[in-house]
Structure formats: C-alpha cells, structure tokens
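Here it is: the structure, laid out below.
Here the chain labels run A, B, C and D in written order, and each chain numbers its own residues starting at 1.
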Amino acid sequence: MNAPAPRLLGTHEMRVYWEDTDAGGVVYYANYLKFFERARTEWLRSIGVDQQRLRERDGVVFVVADARIAYHAPARLDDRLRVSVALREAGRASLVLEQSAWRDDTLLASGDVRVGCVDVATWRAQRIPGPILEAIDA
Amino acid sequence: MNAPAPRLLGTHEMRVYWEDTDAGGVVYYANYLKFFERARTEWLRSIGVDQQRLRERDGVVFVVADARIAYHAPARLDDRLRVSVALREAGRASLVLEQSAWRDDTLLASGDVRVGCVDVATWRAQRIPGPILEAIDA
Amino acid sequence: MNAPAPRLLGTHEMRVYWEDTDAGGVVYYANYLKFFERARTEWLRSIGVDQQRLRERDGVVFVVADARIAYHAPARLDDRLRVSVALREAGRASLVLEQSAWRDDTLLASGDVRVGCVDVATWRAQRIPGPILEAIDA
Amino acid sequence: MNAPAPRLLGTHEMRVYWEDTDAGGVVYYANYLKFFERARTEWLRSIGVDQQRLRERDGVVFVVADARIAYHAPARLDDRLRVSVALREAGRASLVLEQSAWRDDTLLASGDVRVGCVDVATWRAQRIPGPILEAIDA
C-alpha cells in the first residue's frame, strides 16, 4: 500500500543574490533551508496565519523538529527559483511538509521538513490551532 | 547484524553570536548546517587538507549530496557549542559523516551529511584524493 | 553651494523572514547591507546588466569600496520593506549610491554605498562599462 | 587639536568558512559587520558582561546606531582574521568603537560603529550600566 501523494499547499518564487552564494560559485547548501522556510512562511501567510500574532496571542510557535534535504543540481547567482510546499502528513501537533526548489524544469533540491507546534515558553508540543488545520484540510 | 559505530574524526568548539539567532530567541535552524560545515572544515584542516588548494591543484571540491538533521534542544546567544564529525561510511567518491552539536551534556542537534568529491568544472563524481582516504583510515 | 539631490534609480520590495531577525526580535544590523545589495542587483537587472555575464565577458565585477549606514527604527518579522537606490555621484570607475529601507512611511535605515568596478583577477579599478554609464545618464 | 588616539579594548581571532564567502570568491561585504559584532561580543564577555543577563536583569540592550566601513583588501576561504575593537568615544548612552579586520599585516576592512544602550521594550536611549563604563575607564 502506498502513502498518498503529497498535496501542494503553495509555491513561492525568489531570486538568488550574492549573499546566497559561496566561493564555489553556487548557492551555499544551508541556504536552501532558508528558502524552504520562506516558502513555508508565505504559505502560512496565504492562509491568513501571522506568525507574530500566533506567538503573541496563542503563545505558540512552529519549530522545525527534523529535516532531510537532497541536493540535485547547483543554483547560481541571478537564478530565479520556485520553491514548493506540499503536505505529506498532518498530525495534531506537527506537520510533515515536502519541499522542493526548482529552476525552470530543473529540480535543484528536495526534502522533507517536520514542523511542530510548541508552547513559546516551555517549548512543549501543542495542538496546531484549529484554523490552521482547517485551512490545510480545505 | 549492526552497522559499525561511527568513528570520531574531530570536534570543533564555537560560540553562538547574535548573527546566529532569530526572533524566537534561539539559533536559526539552518545555521546548524553552517556549524556542521565549520566542523568538517576544521577536521579537513586537521588532517592537512586545504580546500582551496584541493580546488586549484586537484580540481576537485567536496559538495554536500544530502543531509538529515534532527533538532533536540534550542541553543541560545552566548552558548558554547561543541560540534563533532564522525565517520559512518567511506566510499571511493563520497563520505557519510555523522555530526552532532552539544552544549555541555545536552545534545542540541544531530544528523548525517553525505559529502561527495566532484570535479570543480563538471560537477561529476571523482575519487577522493588518496591522502584524504589514508588520513581517514589511519 | 549644495550637492545636487540624489536621483532615484530604482526601488525593490522584500519581506522580512525568520532568517533576517535576531534574538532581539528585530532585523540583524548586518542584514540591511544584504537588502541594499539586493536592491542594487535588481536595479542593475532593470537596466539590462547581468552580473555573471559582466564577470565572464567583460572580466569586471562591482565591489563595495565603502559604506555608511544609520539605523533609525527596527524592522521585524513579516515586515514588508521598500529599499531604494539613488545616484549621488558617478565617476569613471565608481558610483556612490544612496540607499534607504522603508516600511510604509517609516525610514528604517539609510546610507551611502560606494561601489567600484574592478578587474575580476587583479581587483584593480576599471572603467565602468559604457552601457551602464549610459543607462545611468538616461 | 587632534582627537585622542583610540584605545584598544580587545582583539578576537576567527576563521573564514564557506558560509562567509560569495561567488566572487571572497568574503561577502555584509559579513564584516558580523565579524565586528563577534569582536564586540567577545570584548564585552572579557569584561564580564553577559548580554542576555543585561537584557533580562537590566532591561537594556546594545544596538548599533550607525556604522561606517571601508573595504581595503578581500579575505578568502580559510583566512585567519584578527578583528580589533578600540574606543574612540564614550558617552553616557553610547560608545563609538573603531574596528578593524586584519589578515597578518594586511588591513582588510576598517570602520567605526556607534552602539547605543537602549531600553529593551521602548528602544529609548538609556545610560550605559556603571560597571561597563568603569571597565572601559580602567
């Protein structure tokens, strides 16, 4: 039996700047995690979630519990990237998101990121606020 | 039958500065990949490998093929971290390194990083230079 | 006698992400130089200058010779910034650009950046390619 | 009448890693402000100032009000840098620090950074805590 295919939640476009590259002439490997996070943030924004308000009002914050990333082809200065967020699994306190970075039809990097919802003070797992789960189910 | 235990290759200490933290008050998740890379660089230096010379003389460079990382506890400003590099697998063109970041006895993050040796121009897999493999075997 | 008012060359909008902030809850001070550089890059792109081609074909690259920056108000996560590039002085081998970052009507940071055109190998001053100077004069 | 020569407060050594470089093969210009900040942090630590405690106990934080930086020579991967902090002016609520980055006898970057002591909530200027001013005078 196969796992269901991840469902696309959103896509974010961004440009590669000097700050993103390294002396190898390509995007520094850690920076793809920044790009993935930008895409997650823009997806949350697109469903009406303001992370600062989430923090101040609900007292919760999303943190990355673990991540896997594979590098397929290098990105370079001035490249236009398209970064996607797809849902692989939704639990009560965490989500597994599948993320990819593309330049046109070339897959540059792909991976899974598990984000957990935690209490801002104790860092303990919390239920993901209802409106977010509803937006995901919609 | 179990896989052999990873063999410690090196340990590098570093401090958490403002630049490493984010508005959540903790080290930003992508930065652990920077810390892991610093520890790999210092290990290479400790066995006499100069990456710039490797690039200019041998025409090869190490690139990360894939990485897995799990976040166990947050690091904060001024924390003193200890980042380790251990060998999990050595192939002819790539190494799998197990890396961890600690603050005293608290494990903060751990993961595996597969680095491949590639031709600097074509980005194709190359044999790891002999002296490096010998230093690893020693 | 007053210096002529700087002439606006371009404006670039960008979002503040987690990666840009620090544990003080605001954008880390060095990152405004990244934002300024993004705006310069987008301005160059808008006048048809591809920096990679400039480097490979003309053998020149723009480097920052010096910069001044004043911080007026903090930017925070999710803020939408507008970063401007204006021309203060154009020489044969360098430009002085006035740059500012705004959130709505609030000036967050402002400064001057002197960029020089240098030979990619020797790092010596070179004339700015004609088409760039013409685009600036237009 | 000349201003008095800046008085050296501290020096910090650091290594250039891949993360610090850009596709030009040199240290990205904004990163010198990170290096300057590391040296300021280490100087504060050397006189017994813990910035997290300063924030939580005294309710103040140091923020950069303005900075000037000139780039003299590029730093590259693996370079060992020495970054200095010297006192140019001490006011009741702010300090002007002169900072330089060196590789052996080569001056790479130099500048002035004005740091102000502000209330952590209102971001208004506050007196620098007495023990810090005393340590500076000593």
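The rule is short, and it goes like this: a contact is a pair of C-beta atoms (placed from the backbone, for glycine too) under 8 Å apart; a residue touches a chain by one contact, two chains touch by 3 or more.
Remember, it's a predicted structure, so these values are computed and weren't measured experimentally.
Chain centres here are means of the Cα atoms, and by that rule the chain farthest away from chain B is C. Two copies of one chain, chain B and chain C, form a contact in which over half of the residue numbers belong to both partners.
Chain centres here are Cα averages; for chain C and chain D they lie 23 Å apart. Here the spacing of chain A and chain D, counted between their Cα centres, is 34 Å. Averaged C-alpha coordinates put the centre of chain B at 29 Å from the centre of chain D.
Listed for chain D are residues 18-19, 24, 30, 34, 37, 76-77, each touching two or more other chains. Judged by the touch criterion defined above, the protein chains are all mutually in contact, each touching every other. Residues 18-19, 21-26, 28, 30, 76-77 of chain B touch chain C in their complex.
Those residues of chain D lying in contact with chain B across their complex are 15, 17-19, 34, 37-38, 41-42, 45, 50-52, 76-78.
Of all residues in chain D, those touching chain C in their complex are 24, 29-31, 33-34, 37, 61, 63-71, 74, 120, 123.
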